[in-house]
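In the two complexes that follow, subunit A is the common piece, with subunit B as its partner first and subunit C second.
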Partner chain A sequence: MTMEFDAVVIGAGAIGTSVAYHLAERGLKTALLEKGDIASGSSSHCDAVGLICDKQPGIDTKMGQYSIDYYEELAKKFGFDFEFERKGCLYVCETEPEFAAAEEYMKKQNADGYPLRMVENKELCEMEPHISKDIYGALYTPPSGCIAVSPYKVCFAFVEEGKKYGLESYTYCDITKINLDPKTNSVESLETNYGTIKTKRIINCAGAWAPEIGKMVGLNIPIEPRKGTNLVSEKCERLCNNKILEYGYMMSKFDGINFKRNVSPLVEEQNIAFNLEYTQANNLLVGGNRLFRGFDTRTEIETMKAICERALRFYPELADINCIRTYSGVRPFVVDHLPIVSDVDSIPGFYICAGHEGDGICFSPFTGKQMAHIVMGEDTDFDISKLDFARFGK
Partner chain B sequence: MAEYFSDDMIVCRCEEVTVAEIKEAIRQGAKDVVGVKRRVRAGMGLCQGRTCEKMVQQIIAQELGAKPWEVGTSSARPPIRPIAFGDIAKGIVE
Partner chain C sequence: MLERDVLVVGAGPAGLAASIEAAKAGADVLLVDLNMKPGGQLFKQIHKFFGSSAHRSGTRGFDIGLKLLEEAKEAGVEIWLQSTVVGAFPGNLIAIEKGVDGGAKEVITLKSKKVIIATGASENVVRFKGWTTPGVMGAGAAQTMINVNHVKPGKKIVMVGSGNVGLIVSYQLMQAGCDVVALIEAAPKIGGYAVHAAKIRRAGVPIYTKHTVVEAIPGEDGTVCKVVIAQVDDHFNPIPGTEETIEADTVTIGAGLKPATDMVKLEKCQLTFNGPFGGFIPLHNDKMETSKSGVYVAGDATGVEEANTALEEGKIAGISAVESLGLISPKEAEKRRIEIWDRLEALRMGPFGERRQQEKDNILKEYEEKIGTAVEMD
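For the complex of A and B:
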C-alpha cells in the first residue's frame, strides 16, 4: 500500500506532536510517525514546567517567554486539557555568593524587561513555609515567566487537536529506509511497516533518536542522550507553593566561574541539581540529575540516594514522606545547549527539529510554530538563525 | 473475564479509574498497559498497579482482540514498595 502526504513528521514527543499539529493547522496533509506510543520517550520521563529563569539572557529567554505565553493561548483554545497552570518559580540560593551571582543574572534579565526579583531569607520563609530556615535567599520569577503542564498530555493534546485538521498518526511505526531523488537529492518517500509513504517533506523530530533518522539520509546530527532521573512522592500536602530549583547547580556549570557547592562527593559525582514541584494529582516530583549513560534508562540506586540527600537539605520534612516511584529518561543533548530547528541545505525537503535537551516541553509550542514557518518557506517570528543546522559545519 | 466488567466499575482503586475510562484510553490509541497508564493514570497511584494491572491487561486484550500477555506490563522501577525519602537518603533501599 502506498500513502501520500504533504509532510511527514517523525517522532511523537513534545516537539514532533507540536510540529505535526502546526503543519496540519496550516493545511498540509500531515502524517505523524512514531516508533512507540505517543509520548513514550523523553516527554513522559521529564519534569513538568516551562521557565524563563533557567535560560541564558537573550534568544534563549525570548523563546521561553514566547512559548509560555503561547501555551496559555493553546490551553484556552484546546478542548483537550493538558493541566496548564501558571505558577511562580524560586531559584533558591544556599549561600551569599550564590545570591550575589543570581542577582547579577537578574539584572541582565531585568534589563531585557523580565520582572525577576530577589527575595531574602525572611520573605523566602514566608513564601515557602516548609523550606530550611537557613537558606540565604532566592531569585523569584513571577507566574508571568513560569508555567506547569503535564508533558505527556501536551503531546496527546497536540495529536487530538491536530486530528481536527486531518492529522494522521501512525504509532509503533518502523521506518526502514528514506528514499531521496538520485538527481536532486530531495526527499521522495519512506519505507515503513505501514507501507511506502510518499512525501516531499520530512521533519525529523526524533529527539535523542534523531541521529538514527539522520543516518538514513547520510547526515551526522550531533545529539547525544543525556539521562535524567526524578522521584515521585505519594499523594501528600503540597510542600512547596512555587517551582523550586537550586541556583548553586547552575552556577557551578557557568563557564569561567570557579564555584563549588558544599555538597557530598556522592551529590557531586551524581551531578545532582535539586528541584521540586507539585502536580495536579498532588504528588511531588523530586529531582534531578544529568548523566551520560547512553540509552540506558534504568533507575540507579546511587542517583536516588543522592537526590534524596540533596532534597532534604532544602526540604527536611520530605524525610517522612514516601517515595512510590522513580523514572529515568534521556534528554537530547547538544553541545552548545541550543536546539536544531532548521532545514538542511544538502537535502531539499529534509528538516531537523530536535536537540532541546531539558527545554523540549518549554519550547514545544514555540518550536512547532516556527518549524511550520520554515516548512512553508516563511519568515520565523523572530531571528532564530542561531538554531540552524549549518552551524555544525563551520 | 473482562466481558463481565461493567463500564462504571472502578479498576484502579488508587486513582479511581473506571472500565469506561480505560476503554476510552484504548480508543485514543493505547495498545498496552503503559499506554493506558499514561492516558488515564491507572497504575500511577500508591500501589503502582499491583492490584489493577492484571485487570487492565484483560480489558486491553478484550478490546484489541489480543492475549493478555501481549499487552505488556508497566516498567519495573524502584522502589519495590513505598519508602520514606529519609530512608533512601540514609541508604536503606533494599
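For the complex of A and C:
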C-alpha cells in the first residue's frame, strides 16, 4: 500500500505531536509516525512543569515565556483537557552564596522585564510552611512565569486536536528506510510496516532517538540520551504550594563558578537536583537527577535513595510519606543545551526538531509553531537561528 | 551497601531448608521474611504429617518449624523479619525494606552473590455476589487466625472447597470452638483425603457436593450474616430455584493456591504456565536454578505442593547455590542432589503425587529445551 502526505512527522512525544498539530492546522496533509505509542518515551517519563526561571537570560527565557503563554491559549482553545495550571515557582537557596547568585540572575531577568523576586527566610517559611526552617531564601517566579501540565495529556491533546485538521497518526510504526531523490538528494518517501509513504517533507522529532532517524539519511545528529529519574508519592497533603527546585544545583553546573554544594558523596555522584511538585491527583513528584546510562531506563535504587536524601534536607516531612512508584526516562541531551529546530541544507525537505533535553514539555507549543513556520518557508516569530542544525558543522 | 553470599527470600520450609544448607557449607546467608515470625505455614499446621519416616510422618508442622529454626540458628543464618523485598535493580542489587525496632522501616540495598526465592503461594479466591464483604476470607487466613493468632474468625462458618485445606481447616475451626455449618463443594465428590473428610462427617458437618456459594449477604453491621448457596449443573453454573439460605457470619474459601511469583518476575526469570502446579511458575532445572544465572527457586513458588517437597527443594537450592560459590565440590553436590531427587520421587506418589511427578519432569525438560544454561543478567 502506498500513502502520500504533505508532511510526515516522526516521533509522537511532546515535540512531535505539537509539530504535527501545527502542520495539520496550517492545512498540510500530515502523518505522525511513532515507533511505540503516543507519549510512550520521554514525555511520559518526565516532570510536569514549564518555567522561565530555569532558562538562561535572553532567547532561552524568551522562548520559555512564549511557550508558557501559548500553553494557556491552547488550554482555552482545546476541547482536550491537559491539566493546565499556573503556579508559582521557588528556586530555594540553601545558603547565602546561593542566594546572592540567584539575586544576580534575578537582576538580569528583571532587566528583560520578567517579574522575578527574592524572598527571604521568613517569607519563604510563610509561603511554604513545610519547608525546612533553616533554608536561607529563594528566588520566586510568579505564576506568569511557571505552569504545570500533564505531559502525556499534552501529547494526546495535540493528536486529538490535530485530527480535527485531518492529522493521521500511525503508532507502532517501524521505519525501515528513508528514500531520497538520487539527483537532488531531497526527501522522497519512507518505507514502513504500514507500507511506503510518499512525502516531500520529513520532520525528525524523535528526541533522544533522533540520531537513529538521522543515520537513515546519512546525518550525524549530536543528541545523546540522558537519564532522569522521578519518585511518585502516595496521595497526601500538598506539602508544597509552589513548584520547588534547588538553586544550588544550577549554580554548581554554571561554567566558571567554583561552587560546591554541601551534599553527601551519594548525592554528588548521583547528580541529584532536588525538585518537588504536587499533581492534580494529589501525588507528589520528587526529583530528580541526570545521568548518562545509554537507553537503559531501569530505575536505580541508589538514585532513589539519593533523591530521598536530598529531598529530606528541604522537606523533612517527606520521611512520613510513602513512595509508590519510580520512573526513569531519557532526555535528549545536546552539548550546548539548546535544541535543534532547523531544516537541513544538504537534504531538502528534511527537518530536525529535537534535543530539548529537560525543556521539551515547556517548549512544546512554541517549537511546534516555529517548526511549522520553517516548513512553510516563513519567518519564525523571532530569531531562532541559534537553534540551527548548521551550528554543528562549524 | 550490604553484601552477602546468599539471600533467601521467604522463611517457610523451603527457605529455611535452603538457608540451613547454604550456611552449613560456610556461606554468609541472609534470610528475609515479611511476617513477624519465621516458619511460613508450618506454625499453623497443628496436624500430623503423612508420609514415610524419612519425612517426619506423624510429626506436627509446628514441631518441624521449631526444629528448623533451631538448625538455622546453629548454622548462623541471619534472619530479618517483617522485611520485604521491594525491588530488583540494575547491577543485581536488591532493595529490602527492613523492619527495625519500633515498627519503623529502613530500605537496605543488598548485593548478594546468589538469590534463592522461596516466596510460597497465595490463596485463590472465588468470586460471588458479596465476596468482598467482611467475614469472607481465605481458608488459610482463617487457619492462621485460629492456630497462630488464637482468634476465632467467626462463630458460624461456611467452608467453600473440600480439598485437604478445606477439610483440615474445617476440623481445626471446630477444635477452636467454631461451628462449621456447611462444607460446599462444586465437584460431585470430596476433593481431599477420605480420612480428613471422615472426621468432618463424624462431627456432623453437612457436606454439600455439586453446590456453590452464590451470595454473601451482609447484616446491619456490614459483615456477613447470611450465605446463599445453590446447586450447580455439570458446567458448575448455579441452577435457578435451588437456592438455600444458611445463617452464617463467616465464609472461608479453600479454593487452592497459586505460586507467589512476584519476586521471580522482579528478577525477570522466565515463567511457564502449569495448571496442576497452580498457575505460572518459574522454569528451573534440577539444581533449582531459574533462567537467570545465580537465582534459584524452591517450594510452593515453583508449583504448589506441600511442606515436605518444599523442604527437599529448598535443600537442593541451597546445595546448588553453595556449589556455584565453590564452597562444596560439584561431585558432593551432585551426590546429594540425587539423594534428594530420589526422596522427592517417593513423596510424589499416589493419585495426587504421580501427576506432580510427571509435571515436574515436564518442567525440567522444558528448561533444557528452552534455556539449557542459565543466563547472566545485570
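In the analysis below, the second predicted complex is superposed on the first by the 394 of 394 C-alpha atoms of A that agree within 3 Å, B and C clash if a C-alpha of one lies under 4 Å from a C-alpha of the other, contacts with A are read in each partner's own complex, and residues count from 1 in each chain.
Just so we're on the same page, a residue touches a chain if its C-beta (ideal position, glycine included) is under 8 Å from a C-beta of that chain, and two chains touch if they have at least 3 such contacts.
In this text, all values refer to a predicted model and were calculated from it rather than measured experimentally.
Q: Counting only touches as set out at the top, which of subunit B and subunit C does A:Ser40 meet: first, second, both, neither?
A: A:Ser40 contacts subunit B only, not subunit C.
Q: Based on the superposed arrangement, let me know which partner A:Gln270 touches: subunit B (first), subunit C (second), both, or neither?
A: After superposition on chain A, A:Gln270 lies in contact with neither partner.
Q: Under the stated touch criterion, which partner chain does A:Ala319 make contact with: subunit B (first), subunit C (second), both, or neither?
A: A:Ala319: touches subunit B, not subunit C.
Q: On subunit A, which partner's contacts cover more residues, subunit B's or subunit C's?
A: After superposing on chain A, more of subunit A is contacted by B.
Q: Which holds for A:Lys305: it touches subunit B only (first), subunit C only (second), both, or neither?
A: both
Q: Applying the document's definition of touch, where does A:Asp296 land relative to subunit B and subunit C: first, second, both, or neither?
A: Touch status of A:Asp296: second partner only.
Q: Shared contact residues on subunit A for subunit B and subunit C?
A: Of subunit A, residues 299, 301, 305 contact subunit B in one complex and subunit C in the other.
Q: Going by the contact rule at the top, pick out the subunit C residues touching subunit A in the complex.
A: So the residues of subunit C in touch with subunit A come to 87, 89-91, 93, 95, 107, 109.
Q: Please output the residues of subunit A touching subunit B within their complex, sorted ascending.
A: Touching subunit B from subunit A are residues 37-40, 44, 152, 156, 160, 169, 171-172, 231, 233-235, 281, 286, 299, 301, 304-305, 308-309, 311-312, 318-327.
Q: Mind listing the subunit B positions that touch subunit A in their complex?
A: Spelled out, the residues of subunit B in touch with subunit A are 15, 28-32, 34-35, 38-39, 41, 44-46, 48, 75, 77-79, 82-86, 88-89, 91, 93.
Q: For the complex, which residues does subunit A have touching subunit C?
A: 296, 298-302, 305
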